[in-house]
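When the chains are written out, they are named A, B, C and D in that same order, and each has its own residue count from 1.
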Amino acid sequence: MSTASVPLPNWINYGLIPLLNLFVAFLISGFVVWLIGESPLAALSLLIDGALGSGEGIGFTLYYATSFIFTGLSVAVAIHAGLFNIGSEGQAYLGGLGCALVALALDHYVPWYVTMPVAVVGAGLFGAAWAFIPAFLQAKRGSHIVITTIMFNYIGAALMVYLLVHVLIVPGKMAPETRTFLEGGQLPKLGWLMNLFGAKLGAAPFNVSFLIALIAAYFVWLLIWRTKLGFEMRTLGVSQSAAAYAGIPYARTVMIAMLLSGALAGMMALNPVMGSSARLQVEFVGGAGFVGIAVSLMGRNHPVGIIFSAILFGILYQGGDWISFEMPNITREMILVIQGLVILFAGALEYMFRPAMVRAYQQFKAA
Amino acid sequence: MAELLRHTPFSYLEPAVTDTPAIELVGIDKKFGAVHANKDINLTVTKGTIHGIIGENGAGKSTLMSIIYGFYHADSGEIRVNGNPVTVKDSQAAIATGIGMVHQHFMLVDNFTVLENIMLGAEGGALLAKGVSSARAELRRLEKDYGLEVNPDALIEELPVGLQQRVEILKAMYRGAEILILDEPTGVLTPAEADHLFKILRVLRDQGKTVILITHKLREIMAITDTVSVMRRGEMVATRKTSETTVEELAELMVGRRVLLRVQKGEANPGKVILSVRSLTVKDNRGVIMVDNVSFDVRAGEIVGIAGVAGNGQSELLEAIAGIRKPHSGEIFLDGQTIDKADPARLRELGLAHIPEDRHHMGLVLKFEEYENSVLGYHRNPGYSKGPLLDLDAIRKDAMEKIEKYDIRPPNPRLKTANFSGGNQQKIVVAREIERDPTALIIGQPTRGVDIGAIEFIHRRIIEMRDQGKAILLVSVELDEIRALSDRILVMFAGHVVGEKTPDAGEQTLGLMMAGIAA
Amino acid sequence: ADVKPALVYGTGGKFDKSFNEAAYNGAEKFKKETGIAYRDFEPTGDTQGEQAIRNFASRGFNPVIAVSFAWTSAIEKVAAEFPDTKFVIVDAVVDKPNVRSVVYKEEEGSFLVGTLAGLASKTGKVGFVGGMDIPLIRKFECGYEQGARSVKADVEVFQNMTGTTGAAWNDPVRGGELTKNQIDQGADVIYAAAGATGLGVLQTAADNKKLSIGVDSNQNHLHPGSVLTSMVKRVDLAVYNGFSDVKGDKFTAGVQALGVKEDGVAAAVDDNNKALITPEMQAALDKAREGIIAGTIKVHDYTTDNACPK
Amino acid sequence: MDYYDIFISVLSSTIRLSIPLIFTALAGLFSERAGIFDIGLEGKMLGSAFAAACVAYLTGSAWLGLGAGIICSVALSLVHGFASITNRGNQIISGVAINFFIAGITIVLGGAWFGQGGRTPQLLPDARFAPIVLPGADAIRGVPVIGPLYANVISGNNILTYLAFLAVPLSWWILYRTRFGLRLRAVGENPGAVDTAGISVSWLRYRAVMCAGILCGFSGTYLAIAQSAAFIKDMSAGKGYIALAALVFAKWKPVPVMFACLLFGFLDALANFMQGKQVPLIGEVPVQIFQALPYILTCILLAGFIGVAIPPKAGGVPYTKER
């Protein structure tokens, strides 16, 4: 008898099985660590200690998670409309331009809480703008969005480097980056939030954009499951023909979904640009757009799932740093290995243990 | 074995009817998760007969056949072929034992040619070149013997369904099938095509082959089978000699209660013209003209039926009226307003409801929960939304009311739509479209693949709508359905309306018109 | 004094056979000579760089040396947080009382290898392959061009940048392709200032029997007979001196601008390339060195006005 | 440099840049034609480049390097198969996972084994695939028009280049002239049809992804030990994605795949060539424009010329007969 359709209780489906998957991913990562001649257990304790062992570690973890929540939401919104947006990376990059321009223009004159909403809009607009052409090509010309968005990542990188090297650079400075924003262009750290839990943020750049990310997650949830537009996007996402039948305009819905997706990716820039380094730098996105794909998929494209998987990836990033810092033999790329294995086992192989679980569960119930 | 059978000379004839069972099923049991699709099934099919199997949607017919064909595995039970127990571990094994199957949903590769489809799995060597010529020769022989003409080089996607089905039958014959299973083969055929199919089946039977035929249409069971078995909710409830049973008895066995087989309807009272089509020309996606300069009117309080063989432009006509397909030229009026440029959302506002031909691809989003489908297309209506938000409470309450009113089972608006049976899925669509109280209603294939109980219900609702003064345009390839429901019948052939008839016109007359022979 | 040295590399990674590797060599030399172990870290992004620098400082490491201009603001911040720790930054200037900034006059070193290139070229065409298009790399290119022109006024200089992302430092395939391109156009000496991408440049030049010029570290040994010279930038000295100065209590903050005069940059001549350097080339090289040291030759620095005189 | 020389130079550059794309896109072709999406091409290419470089370095044999590259890439294909065929996982997730994993593990292992930050040691000439000078290349070089074409474009490539061009008709032949090819194309369109014909869908798809693995093995090997002389981290540099673009562009057909890859290679070569050149009327154009040019042109081509590319119907959907 097939086990695929046997229902399992939620605590197994959403608790035990994912944990088991994670466990296997870490087991194999441990094997790699052992292969290099280091102690897997020590590495694991470093990972956890680095990411969660101190207020500062948690701050860094949440800082990374903030970026991943934005990009994860960006990927998810597009996926719900049946679009695979691989362009979050480039959209976030351009979003950085939007928010940096706002910060550069306003930081002399107004406090951060005035700059911030404008920067959110600026980052969102620029991110959306970068999604516009791929969206348009998909909607009107049927060009494959996966490919056009990949292309736009490269084009975006070229554009940004040009701007940073030739236009935005501070004359005489070596680094292709803008000037440092003043207070009015910097997002405050969330030290008080950490203090509430009795932890110290230290130097971690965990900042207000985390709250914006949570608000964005709420709005994405509202959009997808509670609005007419979300209903239309989901319809289009699973059945184009049903959408046509129901009078849901293809081009418009695709465009809106992609623009929203681009805007969410663009807002990611708030976190590193205004929340951490206080200036626009080359390559500040650092792959967060691609991590967003994994985050969204692991989070089942649901905002709550995305927040959790973003935090998981934040732990991997921060904890991985810690491992490579403490174990010089293990290069930082070990994070990529763990990340790959987590995606593999928790994502692609998520059902591997299901049949065994079903059998065990049935025996358990029979007994 | 398959190889051997294929080359068995055609003249090899067995006595027409013997008492050897071709297939015996003993205690077959199958569960899909929580669904008990087959419960302890016993069945004997006599060699050289046509054995019908009927049952409501979801009764377990397809599952049982798939088990015989090795496509699914029974959880327990035994299969015997020609008296010998066999383990059908996969379809290859089934083919080897001489079993062929034409699936309810065709198992063809759309962008392959007929020949490639037939060769698939029986290529006769690692390189295609060798097999191709012998396959052609064999195909020609099969075509001649059974009247199964089809161009071997045509692409499947360009063939009408009737011909696609022929390819399926040819596939089975090419593999030397002695026992042929057909799962709802006539659902997509015109009467003439169905008759042709039956002729072929009789030829097969007369040559000693065994045929198992699944259908919802009792008329077909009576017309062609020798024996008939009835399934209900996973159980085999009865087996009868066809000559010793009646339609009424079978219907009752199937549904478990008495059913009304004829639609009761009074005289129509046509009012003013509601839907008016003028010189409409419509092209399909490839740019071929599918509807050619068609004009007609539908009045309030009447049902106009459009009869025709599938693929003669009915689908495109419906899609054009429903705003899904842009007309090439011509005009469409709804209650005096031009609507040929309106989109489906606008048309719904104007009071045009549309029950589409294909519930799986158009009418429903199978992955959605039932309540979501119950407002698909109407989700922007004020009653269902508050500002940009959906009013989920109102929607679910409304869905529940429809479920009760239309007896949709199971009565759970939170269930995924894919998990409803075909008949219940169709009821979801019908309920949604009818309950908005439209002025005009266009309907395509309202009862395709739907069981008798549901057909009865849907037909009654359509008549009620007419009696409430709605203008109804009905497209169906089921001539019986058209004749039973319509007040006027238009016949379409090759994109033209070739004539108008009243429902008492004979089946023969309509059939000839549908074939483009008479007008 | 108490020395507990730490080193933070640039994002190119420790073993790039070039810039970062030079820093590594300096640290290794210190370790060998003194037996004092050091800690190092290879960040791959901005946040990690700052985190690593801060980690080292907070654990009592002293000095903390950060090579690459990418850590400018990180050092700025962390140096303020740990006033008792000594910091060294290479390739950028940070104005703090506990920070030593070591910058190089790459234009001068590039000028030197440019003269060799100009003289070695038979076709009168030389090439330059940079990594990412940033001012620092333009500075290399500009010095090189001036050097080549100083010995051959009509020399043609092809220049290419590898890419627009950080991957440009790590794309030897494209580096090789750009080199092949320049060779097809007639270039017979190609200068690579592109991190690991340069390895592809050197390889392709060797495969096509043309000359190449390495950068940062002495890369002459990579393809003996094909690498004409290397523009060495003594990052190893910066690191070594940083460590030893703290050890010997000689640490000074402030800017150290190292040019030809200070032996901070040079054109490497060793056994691997001796055969390629003719006496007249050697003479021209010496002359250029002396001129620069004496101030008679002024090499324009691209970054002062973001332009290169033609 | 006259125009013909430029043409020859760009042409030979085009070929060099196209080879990894051709192998990789053909790999994608086998996989996707069988209904298995393969975003993991990038990772397979990178993984096989690493394996090839390691083994070529250790054994000094280019051919053993190739073997190792193929084995590594096939192993990754089997992982992808295990996830997406046996366990019916999401194919895109599986591919992305492989890309992440390989991007990391090559550097981690390379760093631990060779201590060069993820790079493998420089290879000696014997451990690489050297250019082959075809007979008469040098003699004919001086002949106008034909000479440079023969000597610089047709001759002087390494064996893998010729194999890539051989792989194109071979793939065509396998797909359209053999039983395996017929079944492979069928399983990507309608696995039900294959299953009911008594053919194992899983085994067929496994074989298809293994074909993809073998071809990716060639492309990775080409990168590491033919075009370059060592493995360097991230050396595939997005070529796997470009190959996917070429595959879509070519509508999943072998011969068009070759032309699409050549076109992408050409755009790349042209961008390299045009960098720093004076463009008439405009003057010197910022390098970034030329670097972005291939990508911009790809979008323009996708928008203007090929219209909607319809992927194999069953692509990306795990096959289940029992829901």
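Keep in mind that, in the parts below, a residue touches a chain if its C-beta (ideal position, glycine included) is under 8 Å from a C-beta of that chain, and two chains touch if they have at least 3 such contacts.
None of the values given here were measured: they were computed from a predicted structure.
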{"item": "Given chain B and chain D, the chains that contact each of them", "value": "A"}
{"item": "Dominant interface by contact count, named by its two chains", "value": "A-D"}
{"item": "Far-end chain from chain B, centres as C-alpha averages", "value": "C"}
{"item": "Chain centre separation (chain B, chain C; CA means) in Å", "value": "75"}
{"item": "Geometric centre distance via CA averages, chain D-chain A, whole Å", "value": "29"}
{"item": "Inter-centroid spacing, chain D versus chain C (mean Cα positions, whole Å)", "value": "34"}
{"item": "Chain A-chain B separation of Cα centroids, rounded to whole Å", "value": "46"}
{"item": "Per-residue multi-chain contacts in chain B, two or more chains", "value": "32"}
{"item": "Contacts with two or more other chains, residues of chain A listed in rising order", "value": "2, 4-5, 154, 158, 161-162, 166, 331, 333"}
{"item": "Residues within chain D bordering two or more other chains", "value": "117-118, 233, 238, 288, 291-292, 322-323"}
{"item": "Set of all touching chain pairs, with the criterion as stated earlier", "value": "A-B, A-C, A-D, B-D, C-D"}
{"item": "Footprint of chain C on chain D - complex, ascending", "value": "1, 5, 8-9, 12-13, 16-17, 115-119, 122, 131, 223, 227-230, 232-235, 237-238, 268-269, 272-273, 275-276, 287-288, 291-292"}
{"item": "Chain A residues within the chain D interface of the complex", "value": "2, 4-5, 32, 35-37, 84, 133-134, 137, 141-144, 146-148, 150-152, 154-155, 158-159, 161-162, 166, 290, 293-294, 297, 329-331, 333-341, 343-344, 347-352"}
{"item": "Chain D residues within the chain A interface of the complex", "value": "79, 82-84, 87-94, 96-105, 107-109, 111-112, 117-118, 233, 238, 241, 244-245, 248-249, 286, 288-289, 291-292, 295-296, 298-299, 302-304, 307-309, 320, 322-323"}
{"item": "Sites on chain B touched by chain D in the complex", "value": "32, 69-72, 90-96, 101, 103, 105, 107-112, 116-117, 119-123, 125-129, 131, 171"}
{"item": "Chain B-facing residues of chain D, complex", "value": "176-183, 185-186, 189-190, 192-200, 313, 321-323"}
